[in-house]
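Shared chain: chain A. Partners: chain B in the first complex, chain C in the second.
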Partner chain A sequence: MKIEIQNLTKKFGAFAALKSISLDVASGELLALLGPSGCGKTTLLRILAGLEFADSGAIRFDGDDATSQSVRARKVGFVFQHYALFRHMTVFENIAFGLRVRPRKLRPSRQAIHDKVQELLNLVKLEEMAARYPTQLSGGQRQRVALARALAVEPRVLLLDEPFGALDAKVRQELRRWLRRLHDEIHITSVFVTHDQEEALEVADRVVVMNAGRIEQIGTSDAVYNQPATPFVYHFLGQVNLFHGRVEGDKLNVGGMLIDKPDGVQDEAETATIYVRPHMLEIDPRPNQHQHFRATIKHINAAGPQVKVELITAWGAPIQVDLSQERFRVLALKKETEVFVSPREIRVFAE
Partner chain B sequence: MLNQATVQRRGRAIAAQVKTEPAAVRWLLIAAALGFMALFVLLPLAVVFVSAFEKGMGVYLASIREPDALAAIQLTLLTAALAVPLNLIFGVIAAWAIAKFEFKGKNVLITLIDLPFSVSPVVSGLIYVLIFGLHGWFGSWLNEHDIKIIFAVPGIVLATIFVTFPFVARELIPLMQAQGNEEEEAALSLGASGWQTFIRVTLPNLKWGLLYGVILCNARAMGEFGAVSVVSGHIRGLTNTMTLHVEILYNEYNSAAAFAVASLLALLALVTLVAKSVVEWKTKQKSHVESSPSVQEEIA
Partner chain C sequence: MALLLKKRSVLPGFGLTLGFTLLYLSLIVLIPLAGTFLKTASLSWTQFWETITAPRALASYRLSFGASFIAALLNSIFGLVVAWVLVRYQFPGKRLIDAMVDLPFALPTAVAGIAFTAVYSSQGWIGKLLEPLGLQVAFTPLGITLVLTFIGLPFVVRTVQPVLEDIEPELEEAAATLGAPRWRTFRRVIFPTIWPALVTGFAMAFARAVGEYGSVIFIAGNMPMRTEITPLLIITKLEQYDYAGATALAVVMLVVSFALLLLINLLQEWSSRFHKVN
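Presenting the complex of A and B:
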């Protein structure tokens, strides 16, 4: 089902949680709402579900206005961060709940409910757990029960609020791959909220990066990571080094290093901020033909697939450079030595 | 391996030593606590039953079967039968409002719920006399319409409701606050109506807390003396509850009969204690299951 969100605004007292949000979710898409806590992503999700209501703006489900529909009428599946399983019911009864509370005319037969629950238990791979209570399950199992429960009513949309937030790192990774595979199987339009960039980039078809009640960027994982639209997105998705440059004619001067002034900088601008990812900086023991600046190595962390080198530039700013293990061995870098750093790819945002 | 086991055992022995006081201190404290309880709780309780049966089974049964005593027992049961369900409904509504909604004056409401605990029951009774009594606010109007509240059954029921109303609400508020709204939201998102959500999700989660509150509320409703004494007027066979009947018999030096009726109240207290322990045990068992280590993570 297709979702259209237009100019959604929500205030809690004096705090503006959402500032005129517009967003389209394509049918069958798996969309991530990504942002730091307090950015409004959960509020947006709860408004989509009908658990909260917007102050202004409109929501359309497949073209039909759903803005003031109750949560009951919207037929959405909602998965809570802390599962919200019915603690006094078995796994089976939890999943059957949505079918059992239907009005008599619409309620499936006992056998049909039983079959449907079994089918969902198979889907989430918890066939053996039907008679258990939520407290007898692990966190990952509980979240899968919550998912099966939400799917039992055959919702038009699946909404997940930080679905893996309460799980430990390893389980979280397994479960999000599992969710991706599940979505590839059942193709239900899904929106999930997360503050974990890795999770959003790995699982979602498209990522919506939010900050302070606004959308910063909408795009595929590749687009938001490699072509960040705003400084915020640059900061939020991965590590980034910042340099302040002075505009000198058609060049930018960064600590003595002259680089061509990129298109984004207006003619009358005097300064610009340059963003470079740590793996887009090169270290050389001697000056080379590229533009470069001087820096002193302060710390080396060689544990992991990439070697993280922390340096202080000649003008006193801390920066980070990521090198491959091979390159690190070739360079034979040592602490407190001076090296030459040159950027391979930069991004400029005018001030 | 052997070494390790020895070290472990020694470690445990040290830990045990560190944790416990010397045996003498332990015994002294336990003996003091038990002695105190025996002197101030068990002894009086025993005296009630011994005195009740002092003049034999015949007198005991006669004291209970006497018409005034039967009327008092009836009135007490009636009062509890009205006060407890009303306070149950009120308690659930108040706890729901406080735990699940944000509104202005919430703290005032919480304080008001506690008021009957902090005010002396005699004062509670007097409040009703001031409001409904012959010289009270509504006194003349009630008199004109021939409605009797003070020195009649309605006054007794009202005073009892007032004195016992914190029990259920007080028990439920922290429970509901701890449980939050998520399960209800989940139920609604699955298509349940408000009523279905309340019956199938909210109420089962409150079950034991509710029962606990009702037991305490009932015990107090049957045992209340001060507030009821002020509004009752002590009319034999009409407005005497069991507690008031005991007082009258005692003042008439009819101690065997007084203790016979008192023994019924004491019995009620014992039943309440047992019921309370069972509920506590059940609740504990439930939370034990909840805190038990969860099974190994296994994802196919």
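Presenting the complex of A and C:
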């Protein structure tokens, strides 16, 4: 199902949680709402579900206005961060709940409910657990039960609020891959909220980066990571080094390093801030033909696929450079030595 | 066994606290109750049986346990409503009402009995209005049930309230997204969650009502076979220096109360079985 969101605004007292949000979710898409806590992502999800209502704006499900539809009428599946399973019911009864509470005329037969629940138990790989109570399950299993319960009513859209937020790192990783595979199987339009950038980038077809009630950027994982639209997205998705430069004619002076004035610097601007990802900086023991500046190595962390080198620039700013293990061994870097740093790719944002 | 007891634990003081608990329970509960049984033992079986199955005694059991049961049942229903209102809604005077719930704990029961008698007797404010409807409250089993309801009210409210407060709003939201109407959400999600607490509250209100004496004697009228509760019958026997007879009735009350409370406890354990982790 296709979802259209237009100019959605929501205030809690004086606090503006959503400031005119517009967004389209394509049918069958897995979309991530990513942002720091308090950015409005959960509020947006709850408004989509009908658990909250917007002050203004419109929501359309497949073209039909759903803005003021009740949560029961919307037919959405909702998965909560803390599972919200019914503790006094077994796994089986939890999953069957949505079918059993239907009005008598629409309620499936006992056998149909039983078959449906078995099918969902297979889907979430919990066939053996049907008779258990939620307290007898692990966190990951509980969240799978919650997902099966939401899918039992055959919702038009699946909404997940920080679904892996309460799980430990390893289970979280397993479960998000599993969710991705599941989505590839059942193709239900899904929106999930997360503050974990890695999770959003790994799982979603498209990522919506939100900040302070606004959308900063919408795009594929690749697009939001490699072509951030705003300084916020740069900061939020991964590490970034900032350099403050002075405009001198058609050049930009960054601590003595003169580079061509990049696109994005306004004509009348006197200063500009440059954004460079740590892996887009190169270290050389000697000056090379590229533009460079001097820095002193302060700390080296060689554990992991990439070597993280912390340096202090000649003008006293801390920066981080990520190198491959091979490159690190070739350079034979030592602490407290002076090196020459050159950027390969930079971005400038108008200030 | 010795090994087991010597097992090291980070929680200190097991021996000391258990010893104290046993001593305390013995002094306060077990020894006085054992005295009751000892005194009763001075009767022969036939005497004992005749005492406890006398028509007047049987009528008093029916009244005591029956009225207490109805009162506890009423408290379970209305106590739940009061707890619900206090937890779920914000309104002016909420704290005042919250404090009022505890009044039956603090008020001397005799005062409550006198107040109820004054209000519900045929000349009282409310009794005056009920009289033309053919409803007599004071000096009838109805009046007894009424005061027993009064003194038992806080138990249900205070046991259900914290459980109700702990119910996460997500549970109801989850039920709503699954299409459950309000009433079904209450019946199938909220009610099963508070049920164990409700049963505890019921048991406490019931136990309190069975043992109540002070407030009942004022409103009951204390007519043998009609409005005489067992505790009053015991007092009557004491006043006639029939100590063994009094303790015989006390033993019956003890055994029946204990059996009922045990039953309720088992029921409660069964109904909260989903809390257990294998």
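The criterion applied here is as follows: the second predicted complex is superposed on the first by the 351 of 351 C-alpha atoms of A that agree within 3 Å, B and C clash if a C-alpha of one lies under 4 Å from a C-alpha of the other, contacts with A are read in each partner's own complex, and residues count from 1 in each chain.
Please note the rule applied: a contact is a pair of C-beta atoms (placed from the backbone, for glycine too) under 8 Å apart; a residue touches a chain by one contact, two chains touch by 3 or more.
These numbers were taken from a predicted model, which means no experiment stands behind them.
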Practice task
Assess the superposed three-chain arrangement around chain A: do chain B and chain C clash, or do they fit?
Solution key: clash
Exercise for the section: Considering only the touch criterion stated at the top, classify A:Arg149 as touching first (chain B), second (chain C), both, or neither. Expected result: both
Practice task
Considering only the touch criterion stated at the top, classify A:Glu174 as touching first (chain B), second (chain C), both, or neither.
Solution key: first
Handout entry: Contacts of A:Ser138 with chain B and chain C, given as first, second, both or neither
Key = first
Practice task
Return first, second, both or neither, reflecting whether A:Lys125 touches chain B, chain C, both chains, or no partner chain.
Solution key: first
Exercise for the section: Answer with first, second, both or neither: which of chain B and chain C does A:Arg72 touch in the superposed model? Expected result: both
Completion exercise
Partner touching more residues of chain A, chain B vs chain C, is chain B
Problem - Which of chain B and chain C A:Ser22 touches, first, second, both or neither - result: neither
Practice task
Would you check which partner chain A:Ala84 touches, where first means chain B only, second means chain C only, and both and neither mean what they say?
Solution key: both
Fill in the blank from the handout: Contacts of chain A common to chain B and chain C in the A-superposed view 49-51, 71-72, 75-78, 80, 82, 84-88, 97-98, 101-102, 133, 135-136, 146, 149-150, 152-153
Fill in the blank from the handout: Interface with chain A, chain C side, in the complex: residues 168, 170-171, 173-181, 184, 188-189, 192-193, 273-278
Exercise for the section: Spell out the residues on chain B that touch chain A in their complex, using ranges where they run on. Expected result: 182-183, 185-193, 196, 200-201, 204-205, 207, 289-290, 292, 294-300
Problem - Complex interface listing, chain A residues touching chain B - result: 49-51, 70-72, 75-78, 80, 82, 84-88, 97-98, 101-102, 125, 133, 135-141, 146, 149-150, 152-153, 171, 174-175, 178
Handout entry: Residue numbers on chain A that touch chain C, as the complex places them
Key = 49-51, 71-72, 75-78, 80, 82, 84-89, 97-98, 101-102, 133-136, 146, 149-150, 152-153
